[in-house]
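Each of the two complexes below includes subunit A, the first together with subunit B, the second together with subunit C.
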Partner chain A sequence: MTAVTTAGRRRDPAVLARRVLAALTGTVTVSILAALVAVGVLLVAIGQNPFDVYGALVEGSLTGRGLVTTLQRSVPLVGLSIALIYSFRAGVFNLGGQGQFLVGGLASVVTALALPGTGIAGIVVACAAGVAAGAAWGVVPGVIQVTLGPPVLVTSLLLNYIGIAGVSYVISLLKPPASSEQATPTIAEDLKIGALVPAQSDLGAAMGQALERNDVLLLAARGLNWSFVVVILLVVATILFNRRTATGFEAGVTGLNGAFARNVGIRGSRIVLTSLAISGGLAGLIGALVVLGTNYRLLDGQFEATGYAMTAILVVLLGRSSPVGAVLAGFFFSMLQVGGEELNRTFALSPAIASIIQALVIFFVVLRLGIPVVTQRLRKRAEAAATGERVEEVPDAVPGPRDNSTVKEG
Partner chain B sequence: MRALELTGITKRYPKVVANDGISLAVEQGEIHALIGENGAGKSTLVSILYGFVQPDEGTIVVGGQRRDFKNPTDAIAAGLGMVFQNFNLFPELTVAENVVFGAEPGRLGIVDRRAAAAEVSALAERYGLQVPVGKRVEHLPVGVLQRVEILKSLYRDARILILDEPTGVLTPQESEALFAVMRSLADAGKSIIFITHKLDEVMAVADRVTVLRDGRVTASLVTAETSPREISRHMTGRDVELSQRLGRGEPGEPVLEVEGATVELDGRTAVDDVTLAVRRGEIVGVAGVAGNGQDALAAAIGGHHALRAGRIRIAGTDVTGLDNRRRRDLGFTHIPEDRHVVGSAPLGDAVLNLAVGYHRSAPLRVRGLLQPKRMVEHAERLIRRFGVKIAGPAVAVGTLSGGNLQKIVVARELGHDAPLLVAEQPTRGVDIGAIESIHGELDEYRARGGAVLLISSELSEVLNLSDRIAVMFEGRVMAVIPAAEATASLLGLMMAGVPYEAALAEEAASAAEGGTAR
Partner chain C sequence: MLEILIAPETFAALVRSLVPLLLLGLGGLICHRVGVFNVSLEGIMLAGAFGGLAGSVLTGSAIAGVAIAIVSGVIVASSLSFGGIVRGADPIVIGISVNLLVVGLTSFLLFAIFGVRGSLQQPGTDGLDAIRLPGLGEVPWLGSMLNSLTALGYVAILATVAMQLYLSRTRSGLRLRGVGMRPGAAATLGISPSRYQTAAVLVSGVLGGLAGAQLSLGNVVLFTENMSAGRGWIVVVAVLLANGRVLPLVGVLALFAYVDAVGIRLQSFGLPVQFADAAPYVVTLIALVAIAALRRRRGGIAVAAA
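Moving on to the complex of A and B:
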């Protein structure tokens, strides 16, 4: 809801209650329930007990090792979603996350391979290279739209393919001749982003002593790397950017109504370029974090195969372009994926079940399935008829529950 | 004979009772005005009458027969005809083709064009409707298009015509012509339901008037026995004084200077060599039929259209090459024509909608950071000062009524206390209460030394508020005259393209004849 609301009404209990109610009867909740019911019917049809299956899905993704895996997967997914929020919230439909992510990852790996420096400084420089490359790549569709006219929606999507092919080509140049894999060499050990608490460190050893082997805290401390913290900081920074900076405010206004924004002195082109640069830069940063923290090299096709960049678009949609929404939706989608893999192990069900649920949720969200929808439509029609005024369907970048409150003149 | 009788029509919606036991009788050959503020229930009643909406209770009797309209086709079959505000005509077909469309003479699906033209001509002649039967509709003026719409209904044997706010798009002279047509139709035995919110039109043409307020009939009056004041009291439930001229300011130095401004849009000259100035403490009205370049002029002053020639100065600074932001920094504020599409972010709350434009400087922004609490206070302050009816600043403004949303726009723009305001149709589609309040705000703003360019197709608004009046026709300013010398008919002539001197002469001539053009 960050896109819509602005400020300090949290303390008003009536407003809070109404918003909770709106959330519970809103599109997202209803869509998730509907998707679960639909898949439940499918499960019954193939002779499974949906409650058992859903139970296993939750257990496999929210307990023990599964939870750590879910969190780990959330890092790039939430990170990329946060990156996209900067453009989607401004009404700029940046579908080029894939390319920005990939180009950022490549730039960071190239820098890391070329870099004489070591340690934290080296990691920072490699990440900065990722940011710079992602931003430069991301801003191209904006420049095209502002100067020539073709919409970002189209050019950003098409640039992905150029990015994928170009990165693939660069990888082929960097590939060690002896290797059979299409991949860059592995980066130096001390340029890798480490676990939150490495097992070898003093603290890690102490934790190992103090905690059970399967304690979630221990698993998390060893299984998650510092990019987790970076993404948390990004979420906080984004909330601050949206709420507290003039640019963030203007981006939100532009996303709500571009014509209005232009008419109150907001420079549209600047918003387009800024939001794309930030979007691309952050996507590039996430690319760098994945390379430096997880893969340690760039294997051709690996980034695309994760599907993170495309799933992130769905996360933003489900989270209604809000950072908190992105965290929740990103975690939810990661949970589905991890739980889906668990179902494969215990029920021999295809992990595609997770994708089916995911797709159905989005499908229902796009249908704007929600309890208020029905009542709102009626109300709108009534008002239209009663006042004789046109009731505009206000274009809504990201469909979802709307404020239900109505004030009419007495 | 009674042509139409509605009894106890009630239509409830989840949160409003749009029509509450409305009864209405229209005699044959009568012009019956239906008047009420926005939201009074006129549109719902008409929708019911024309079969778009089914009433929860009540009966419709047409020509002595009880009817239930499931859809407009039923209504047309029963002898009703509707002329909407927006015309539904095919620009590339001729007048005759448009009139007969859907009910063409001929056989086996082959249209007999000659018969069509002949029938339409005969019909037009019978009711005194002058239309160029064989011409394509494309370039005809709106007044003629309206007659084509009326002919469409007559061709389908309508005995009861419903005209929905028909004068909204017409010059005063065109309105006069329409009234003449309405009278001749009534004389020929047709009944007319004339929906309007303008009191003078009711007085000018209607035999009887039914006043709606809050979904109920508050009065049913014989026009000859009533007065505008009485009707307006029934409309609003109190005494309103709309026609009084508001106080004039003492104009000072020029704030807005437009010199020879020319704007081309899509290869067409939308604004043609316009020169005008607005001084401190002055309202300059721009009268004109919609679509004669007023909106392009406003957009050019706002920095949204580049000038092909000429220049614009705001508060003494040449802004010709500057964008909207820089012009706003220099003191330009703007109430745009469409409050939903340009004037606000309907999904955004009042805090956002009122903070825009104030968000770059203290007190809302301190050391580079926005102050959310102050933004809320700022919104609350403006809501209070401008009397916006809203549950709280966190409410999305798109849920407000037209009048209240417009007050949000007015509050945001006037709250700046900037030297210049361009107000486009500031009271279009809002109720009388909001009109009063917005006019009051404009007047106070002028008294504080503000300069206002008031663009309005509502002639009474221009006449009531302005110190000087410019008339626009086809992108040109026909003349700028002191409001004291302006009359509706003089402006009307110029709005129709008659040059100032000729219009003056015509005015004098008609005065000499003993009748005024009104």
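Moving on to the complex of A and C:
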């Protein structure tokens, strides 16, 4: 993420080259490689060739239909990560994405079922219901923290379990008596969010004739729905919010140093509540988009099974709470997930291999693995040996939010 | 219907639910006292549950299973201590990544070793049976509670007493608490804070591994993916609520286990399963809020992480 002032320096090729080198030898790259090596060892241990496995993983997730699936999965994952960025960047450890996502999805499906067929306006109303429900659910841990003290980290997580059970109960009430599935009825046809280019439209028909049946462009145009565009807009809006608005700036300062922020007059409690409300609202919006654009109903346990909300926490950590980072990390993690399912079919491996790589990458990132760190330390040790001084460890930036769990009215 | 609240069967269920929580809770408590915020309890317990059942299935012996559960718990705990204490990483981030890593690894190994997904249950697997005491087991009410204790249940009781004595009566326990309160001051007395912290985290690995074994070999003889189901987080909250003291911890966990037991029993009276699922979390949340409100009114310290 380069700020506006560094835009000029970016054109200098030497600086650019150094930046690229820094990125390639940096913590994130090294951590990804280390995770791949560690899982490679695991694969050898169970008698698989890691190169074959990784090759199949990339092929399954980045070519043809697999690429479209990866993009489809990236939409909710990046969307939820963007939602979490609002709280993580402000130093609020919101682990309640799962509940906010789910409650938003439920509110939108209930609204959509109650609405008579009203097209675009109906979709907007259903999404607004999702936002409102997610925000209301999300802000509860914030209210508890600023009024009484128990940290958001713990209360937001407990609320997930309550949300899962509560939503499951509401689904059991909405379930058509004749149905054997624990699911709400399906929403009206004209409340469904359509594909970017529906096959029946003029453009869709023209594309269908001009392109091969398995052309990625055609598959993407038909396989992706308008949520894709909404999430892209969210990414742009978040970048602008973080850089150009007073609240976005204050939230960033609070996340970097809570005590400093208090001393310059930023009200910690207001930041906690605002960031959680936005986080929860956006998570609720993503829930609404998944219901209206993909599932068209809410099936008990379906949202939890996707693992989107928990993976989004890792995406935010890997992307260092930056929106562009979330896009890259979200795409990468979706790719692992889609490729992992492919491995399940071709190599009879557990698809859990994707979550192992994901968690290991974060584990190594937190350990601050990185070539510069190592070389720096070696150089320091050499200098220290020369001068006879003790080596002081210099911790560099850790990608998590600082612990602001004790932020109080100040 | 109200007699369920005091029925012997309810208390027997309470004991079954309490034993793994108590073992894990003592692990969380010692970490809390030494100043380490251990959010990997969930992962430690899940690893123990997998190790326990897998070990028993592969070796044919529940005791070997328990030993493997301990090893699994310690491996997870040592990755936490390496990251958090040696490398100085953010304890919350490292804990969360460790938890998710264990979820992935256990499902992966479940499929790689046993070729099944979701859950593993093999008939004839050696489990930990409840020990029936000849005399005391006959006592009404108390007997049904005692009769649902496995060997690990007695270990949990002994560990609770031992933990209380260790923290209050031994030199090492006093030093451990000193490290938790003022690591700098402890260091000036020649005590190594990181050594105490590492040891405490490893002890939580042992206790959490046992807790997992009780889940997968004692309460039932099967393993399901993610079978720890948020219990690790309940324990994190309980340790915060108890402020790291042994008796209050037992009380909080017993309340949780009681609500769990009543919820399960009420299902046979038509209580929707979702209410029973949510009840322990609702009670924990209410307790957290209520105790914080009480402490605030008394002007004491608010409940806060670490």
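We take it that the second predicted complex is superposed on the first by the 354 of 410 C-alpha atoms of A that agree within 3 Å, B and C clash if a C-alpha of one lies under 4 Å from a C-alpha of the other, contacts with A are read in each partner's own complex, and residues count from 1 in each chain.
In this text, contacts are C-beta pairs under 8 Å (C-beta built on N, C-alpha and C of every residue); 3 or more make two chains touch, one makes a residue touch a chain.
Note that the structure is a prediction, hence the values are computed from the model and not measured.
By the document's definition of touching, of the two partners only subunit C reaches A:144; subunit B does not. With both structures placed on the common chain, the touch criterion links A:253 to subunit B but leaves subunit C unconnected. In the superposition on chain A, contact is made by A:244 with subunit B only, not with subunit C. Judged by the touch definition given at the top, the superposed model places A:136 against neither subunit B nor subunit C. Of the two partner chains, neither subunit B nor subunit C is touched by A:207. In the superposition on chain A, contact is made by A:310 with subunit C only, not with subunit B.
Judged by the touch definition given at the top, the superposed model places A:263 against subunit B, while subunit C stays out of reach.
Counting contacts as defined above, subunit A residues 403, 405-406, 408 meet subunit B in one complex and subunit C in the other. Subunit C makes touch with subunit A in their complex at residues 39, 79, 83, 87-90, 92-94, 96-98, 100-101, 103-105, 107-108, 110-112, 117, 230, 233-234, 236-237, 240, 272, 274-275, 277-278, 281-282, 284-285, 288-289, 292-293, 296, 302-306.
The touching residues of subunit B, when paired with subunit A in their complex, are 11, 13-16, 18, 38-39, 41-44, 47, 53, 215, 302, 304, 323-325, 327-329, 334, 336, 340-349, 351-352, 355-357, 359-360, 365, 368-370, 372-373, 375-376, 389-396, 398-404, 412, 429, 431, 433.
For subunit A in complex with subunit B, the touching residues are 4-9, 12, 15, 243-246, 249-250, 252-253, 256-257, 259-267, 375, 378-379, 381-383, 385-390, 392, 394, 396, 402-403, 405-410.
Residues 42, 46, 93, 95, 144, 148-151, 153-155, 157-159, 161-162, 164-166, 168-169, 172, 310, 313-314, 317, 349-350, 352-356, 358-360, 362-363, 366-368, 393, 395, 398-400, 403, 405-406, 408 of subunit A are the ones touching subunit C in the complex.
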